[in-house]
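Chain lettering (A, B, C and D) follows the sequence in which the chains are written, and residue indices restart at 1 in each chain.
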Amino acid sequence: MIAALRKEFLLQWRTRAQAVAVFVFGATSLLLFSFAIGPNAAALRQHAAGFLWLGLLLSSTLTLSESFHAEMENRALEGLLLLPVSPRVLYYGKALANTVQLMLLGIALVPVMVVLYDAGTTRIPIVLLIIALGTAGISAPGTLYSAMTAQARAKQTLLPLLLFPLIVPVLLASVKATSLAILGDPMDQSSAWLALLVAFDGIYWSLCGLLFDRVVED
Amino acid sequence: MTGGYITGGWPYVIAAYSWTALVLTAYAVSLFVRLRKSR
Amino acid sequence: MLANPRFPKLPYALMTLGVVCLLIGSYLGLFVAPPEHYMGEVQRIMYVHVPTAWNWMLAVLFTFGAAIAYLFTSDFKWDARVEAGLEVGALLGFLLCCQGAIWAKPTWGVWWDWDPRLTSTAVLLCSFAGILALRRFVDEPTKRAVLSSVATIIASVDLPIVYFSVRWWNSLHQMQSSPATVSSQFHLPLRLNAFGILFLMSGFIALRARIASQRLSSELAPPPQELVGELA
Amino acid sequence: MPMEPLAIDASHLARRYGRRWALSDVSFQLAPGKIMMVAGRNGSGKTTLLRILSTAIRADIGHATVGGHDIVKERDAIRRATALLAHQSYLYESLTARENLEIISGAPAASAALERVGLLDRANDAVSTFSAGMRKRLSFARVLLQKPSIAFLDEPFGQLDPEGFALVEEVIAELKRGGATVIVATHQVDRVGRFADAQLALENGRVA
């Protein structure tokens, strides 16, 4: 597992220019959302969490659809499977690397949100926890779908088409929890939303690991 | 005789039934066409 | 070689039986049953909406089962049923959303009222549409079958999660509207329509699976003669 | 029957790609420690056969054992015992030669393998800067690192310069001295014929 992770982070380090480009994409989309609403500060602040997560979700498809690009070149994926590397180790290595990359992206987008939508919050640890759980929820099925769509034509359009309906619960829970953190949480509802995120992560981190070897074997 | 608070519901009822019937028949027709084409 | 020749005429019989039941059930629901006390005539949409919902759920369960069966048996007849189930499931899901919208307009004044059941139907409809698109973009038959089965399993497992998360998300500002508890004399049209759609749907799935099988047998070369005996 | 299990015992293997049977009804046996040449033109099914036996892909019909392990039930055992030199290089373009090898084993073994194939001076360059011949040598290093008891080499001489040919023949001899079985798929029958112990000729998917 360590070797798999080392390889993943090496790969990501080598293609870090792409990660910066994805961040710029995310920040630009946050800007665009504010144009859609207009300069009304109160409204922007109200929807700040929603915009953050929409921006993160849209940029996540860029990182996810590239995550198996290296493996598809020169059929490196088959090379790994024949070593043998267990598909499960390969999946969890890739999913973990994707989660970390999306978390960094999310954390980098928070200041952009705070500035653009005046959505400052003192509950930094809660926001970080939500970002961790939310991005884990996106990258578990996202990694599996990226491995699937890497073997299909038109993978750029297929991945979001398959992923977005699936992660509706993650989006709902993350946006709710984040906005409670920003706008105040009188009745302490965020624990319920965090529980939902944990449940979703638990289900999909195990289910996708189980199904991954069928997706990559020929 | 149309008691109850919501009155004048008929057009919606007709719309729901006819739309359902239309979509189901269209699908049935598409099945027959595809069945004949792929034989 | 894959299409089941055992009962060639069965789907057509099922469909006609279904149409007959639907006609009778709808006639009873539209003209014979009394209007509901609160909702008046609009309640009659229930006689087609609720049966569609029951059968949509059945179609989703059928597709989920067929996907699991394919992963275990790698037998293409299950893949054909997955494809059929996906399409008919999407069809019924689409109908459900339309009926739900038509029902919501007079009742709540808006076309879409974020009712947890309807919303999760719409979400699964998008998932099924996505899987159908995936099937069209993967050419190798075996790979296409495995990937769409895996995607079907993942999307189906997501259904209850979406339902509960939307219910929490939605219950804050509007009491969840469940169709009025249907008193006895309303049952007959409901049950008739339910069986009507069930027969019709089964006929659709059987025919659609046959189409899928025929396409498959034209895509897959038959086994070489000298190996026919060897077929595992 | 030889005492040790056969290196390879294949019967009625067949695999189709859509409408075409790339391989149909191929059966053969191979004793361990031998070098076998699988000869045939392009599209004769050589690559498909090697990919089935190395468990890269599944056979649609038929069954086989490799190193005594069944290709359907004991795939992991076969993968530990074998290595495949495929058309594709199995390399990560954005990683360096050394990093590609360190996915398989520790640094010392990786350096030794790099030296063996004459790439030590390019160890820290990204594979994307490598020529086709250098990639083939690096793929060879990948095969050696796995210390296979059965090696599948698909067109080992492709894209190599004359020095490369000598290297390939040395490596095959080294594998054989180590007791390994080597299966070489090639259309250069004369070159491989010189040192092959057994031969299997394929013609559009069937044993010629």
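We adopt the following convention: contacts are C-beta pairs under 8 Å (C-beta built on N, C-alpha and C of every residue); 3 or more make two chains touch, one makes a residue touch a chain.
Quick caveat: nothing in here was measured; it's all calculated off a predicted structure.
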- Enter the minimum step count from subunit B to subunit C; a value of 1 means the two chains touch. 1
- Label of the chain whose CA centroid is most distant from the centroid of subunit C: D
- Could you quickly compare A-D and A-C and let me know which has more C-beta contacts? A-C
- Message: Can you compute the centre-to-centre distance for subunit A and subunit D, using the mean CA position of each chain? Integer Å is fine.
- Response: 39
- Task: Let me have the rounded angstrom distance from the C-alpha centre of subunit B over to the C-alpha centre of subunit D, please.
- Result: 61
- Message: With centres defined as the mean C-alpha position, give me the subunit A-subunit C separation in Å.
- Response: 31
- List, in ascending order, every residue of subunit C touching at least 2 other chains. 139
- Message: Residues touching two or more other chains, restricted to subunit A: which are they?
- Response: 218
- Touching pairs among all chains present in the structure: A-C, A-D, B-C, C-D
- Message: Can you tell me which positions in subunit C touch subunit D when the two form their complex?
- Response: 139-141, 219-221, 223-224, 226-227, 230-232
- Message: So in the complex, the part of subunit A that touches subunit D is made up of which residues?
- Response: 3, 7, 10-11, 14-15, 70, 73-76, 78-84, 86, 217-218
- Spell out the residues on subunit C that touch subunit A in their complex, using ranges where they run on. 71, 123-124, 126-127, 129-131, 133-134, 137-139, 143, 146-147, 150-151, 153-155, 157-158, 161-162, 164-166, 168-169
- Residues of subunit C touching subunit B in the complex: 15, 26, 30, 35-45, 48-49, 52, 91, 94-95, 98-99, 102-103, 105-107, 200, 204, 207-208, 210-211, 214-215, 218
- Which of the residues in subunit D come into contact with subunit A in the complex? 54-58, 75-76, 79-80, 82-84, 86, 88-95, 99, 102-104, 126, 142, 146
